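Labels for the chains are A, B and C, by order of writing; each one numbers its residues from 1.
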Amino acid sequence: MTPASPATAVPAASSKPRVAALAALLLAVCALPFLVSNYHTFQLTLVLVYAIALLGLNILTGYNGQISLGHGAFYAIGAYVAAILMDKFGVPYWLTVPVAGVVCLAAGFLFGLPALRLEGLYLALATFALGVSMPQLLKYQHLEKWTGGVQGIVILKPDPPFGLPINQDQWLYFFTLAVALVMFVLGWNLLRGRVGRSLVAIRDQPIAAEAMGVHNALYKSLAFGVSAMYTGIAGALGAIAVQFVAPDSFTIFLSISLLVGIVIGGLASISGAVYGALFIQFVPNIADQISKAAPWAIYGVFLIGFMYLMPVGVAGALRIGWARIKRKAGSNEHRSG
Amino acid sequence: MDAFLNQVFAGLATGGIYASVALALVMIYQATHLVNFAQGEMAMFSTYIAWTLIAAGMPYWAAFFLTVAIAFVLGVLIERIIVRPVEQAPVLSVVVVFIGLLVIFNSLAGWIYTYTIKVFPSPFPKEPVHVGTHFFSAHELGAVGVTLVVLALLYAFFRYTPLGLAMRAAAQNPESGRLVGIRVGWMLALGWGLAAAIGAIAGMMVAPTVYLDPNMMAGILLYAFAAALVGGIDSPGGAVLGGFIVGVLENLLGAYVIGNELKLSVALVLIIGVLVVRPSGLFGKIHVTRV
Amino acid sequence: MATLLEVSNLHAAYGPTRVLHGIDFVLEDGSITALLGANGAGKTTTLRALCAMVQTSGEIRFGGARIDGRATEDIVRLGIAHVPDGRGTFVNLSTEENLRLGAYVRKDKRAVEQDFERIYAYFPRLKERRHQQAGTLSGGEQQMLAVSRALMLRPRLLLLDEPSFGLAPLLVREIFDIMRAINQSEKVSILLVEQNAAMALDLADRAYLIETGRVVLSGSADEIKQNDAVRRSYLGY
């Protein structure tokens, strides 16, 4: 039940069929908003938002082994930064995204410093406390003139720029897609290089890593910061898409949703972020029709079930399955060749 | 002075609840080195079971004891069926399973009982109790009393009975426990059962005050975490003392310093503070692994 | 004399590392048998294998019935008491609580109370420290406590793993004398694992020499003592 083996977690992109497949996928993804309703486009935008957040959490928990049960807090910070900047200071929506990223980078790094001394279970405890206490903090009366208190803040949906012939939902989708692509490419680069290997080394063999010259403390704090940055950017994008932030949107259950996302999608996996995002966006929609409580019951069962049956998540299972198919194809070639 | 004493006493009353839940957490921690994130939701769910029995006409104390028994069995079953397979797994897997349990209990309660709050009866009289010139709520007094009785019974169980001795031994040194013939696996299950029972009692004592709803225990769990850490996560006595300290602190800070709105943040600061400054708490011996 | 313990073709491994490669030996009822060998030879692993504390294959028969494959807790109930290497004391419990745990599986309460007195007669120092926390006892006292806890079971077979480890020779002699007395008066068979071959051979009736997971020599204690190779390698003369 260990997370996916690090060596195979970040795929190389250089093979031709792989590039072709990714290009085709990108084309399909761009075509989608023109093929489905506005509401579905909105849902797909949220999938992209969650994917960014999940990649962030995965960097910290999947690759670096630091358990966070409170990432909803960073999502909330990003969302509120965007909302406050837009509502109180008239900052254009596209600028709030990088600002939210920087704020959360700092917040994550700062939280990561005391967290350095905490291992496994205790870090989970501390981040759980962060996630539980966030809504109360957001409702605090002395911050009300910024945060809007219990009612939160409503923000306006941005219009497409340059008079493009698409509607607001479609524009938001492409905007979010662009940010997501940037964040994913950035993350992919980071994780497949020395940084990624160092993070994984710290996760699996911290003493050996330190002995080999990896500055554990720095990397762990940076991992926290970068992870928070990703989730904060996702929060900002989410706020813009939903047009609304309120404290009760950011309870511990948001943090738990993010955890569900990376467990289902696959720890230490980039594509896992996408599978996980699809899961946490659409399963509640479907399950909601059974009962208000059903989505969470499903989450719980899936969390436990995946730990027993598919600890590598969907991404890992796909990878293993694909490898098996390739092996069979390869051995067939040998025989016929 | 009156108001201050009332705050202190109210703090002791809630502190008793925190002490009970913290004790349940410590019991499981001592035996397994794991923190049961689902402890609060299990307690809440047990309280709903009690509510169902009472709503069906059962007298309070009969429902109380039956609920405690049911919670005990539930705890044993959860340990044997869900927790045992992951006991040796990496921390992340265990935490995920516990969060899964948390979520399942929360949603089961919401599904069966809906999210509208319910009134939960108190077995204690409604009229306040006079002690000299002070008034105390009878329920608060009763809750503290029940907490103390439970703690005394537990202490006696662990100290003076063969089974209690076996459980302590199995928690400290499972291998040696096996060598004297203790069925260590069942001791763990028993520990979970007891922890679940204690949680149920805590839930039933707090529900009359905060009203019964599926999210009733989330804040309390956080305070119990803080209490267990303050007292020492592997010290049962510490957990109890920590509970009362945290309860009084919460009330006094809420009344005089920061207002009642940021209470959970107090718990957060306590938790992080203890973990960073003095991880073994007041009485614990455990060494939190530092990197 | 009947055979109490019979071990055939015992293999044992810690994960992928194989430690025992087919151990064979017997222990006669009422005897004291020693397993000798250097560090890492597999002596401790053999004792652990008897108590199912390590993965094994092969046959282990106790009193004629097979016990390989059964759980440790059940093997204890058959009357095998293991004093592990490192003592295995419950350090946070008192001396008396440790002893009481030794009798955990017994149902005869009055006899258990009598056994307390018998143990205290053998080891008066334990009686003095009965309420003291076991972790604060000296090394020698903890060894006495470990042996006593095993004796509280009223075992048929006592497994002793390196009882002399870290103890002054005088103390070891004291403990070994008590072992001999218990073996003779209470008919407790003893399987003794020792690095200190000289002291072990003084106590034992029979001995087996184990090297890298195999039995390489066996015989009565006297025979082994006079074996030239043993004298040179293990007895130092």
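One rule holds for everything that comes next: a contact is a pair of C-beta atoms (placed from the backbone, for glycine too) under 8 Å apart; a residue touches a chain by one contact, two chains touch by 3 or more.
As the structure is a prediction and not an experimental result, all values here were calculated from the model.
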Hey, how would you classify the chain contact layout here, line, ring, star, complete or other? line
From chain B, the most remote chain by mean C-alpha position: C
Taking the mean of the C-alpha atoms as each chain's centre, how many Å separate chain A from chain B? 33
Taking each chain's centre as the mean of its CA atoms, chain A sits from chain C at a distance in Å of 57
Using the average of all C-alpha atoms in each chain as its centre, how far is it in Å between chain B and chain C? 43
Counting only residues that touch at least two other chains, what does the list for chain C look like? none
If you look only at chain B, which of its residues touch chain C in the complex? 162, 165-166, 168-169, 172-173, 175-184
Counting only contacts in the complex, chain B reaches chain A at residues 33-35, 37, 82, 85-86, 89-93, 95-97, 99-111, 115, 218-219, 222, 225-226, 229, 259, 261-265, 267-268, 271-272, 275-276, 279, 288-291
Which part of chain C faces chain B closely enough to touch in the complex? 51, 53, 71-73, 76-77, 81-82, 84, 88-93, 97, 100-102, 104-105, 149, 153
Chain A contacts chain B in the complex at 1-3, 61, 65, 67, 69, 114, 116-122, 124-126, 128-130, 132-133, 136-137, 139-141, 206, 216-217, 220, 252, 256, 259, 263, 267, 291-297, 299-304, 306-308, 311
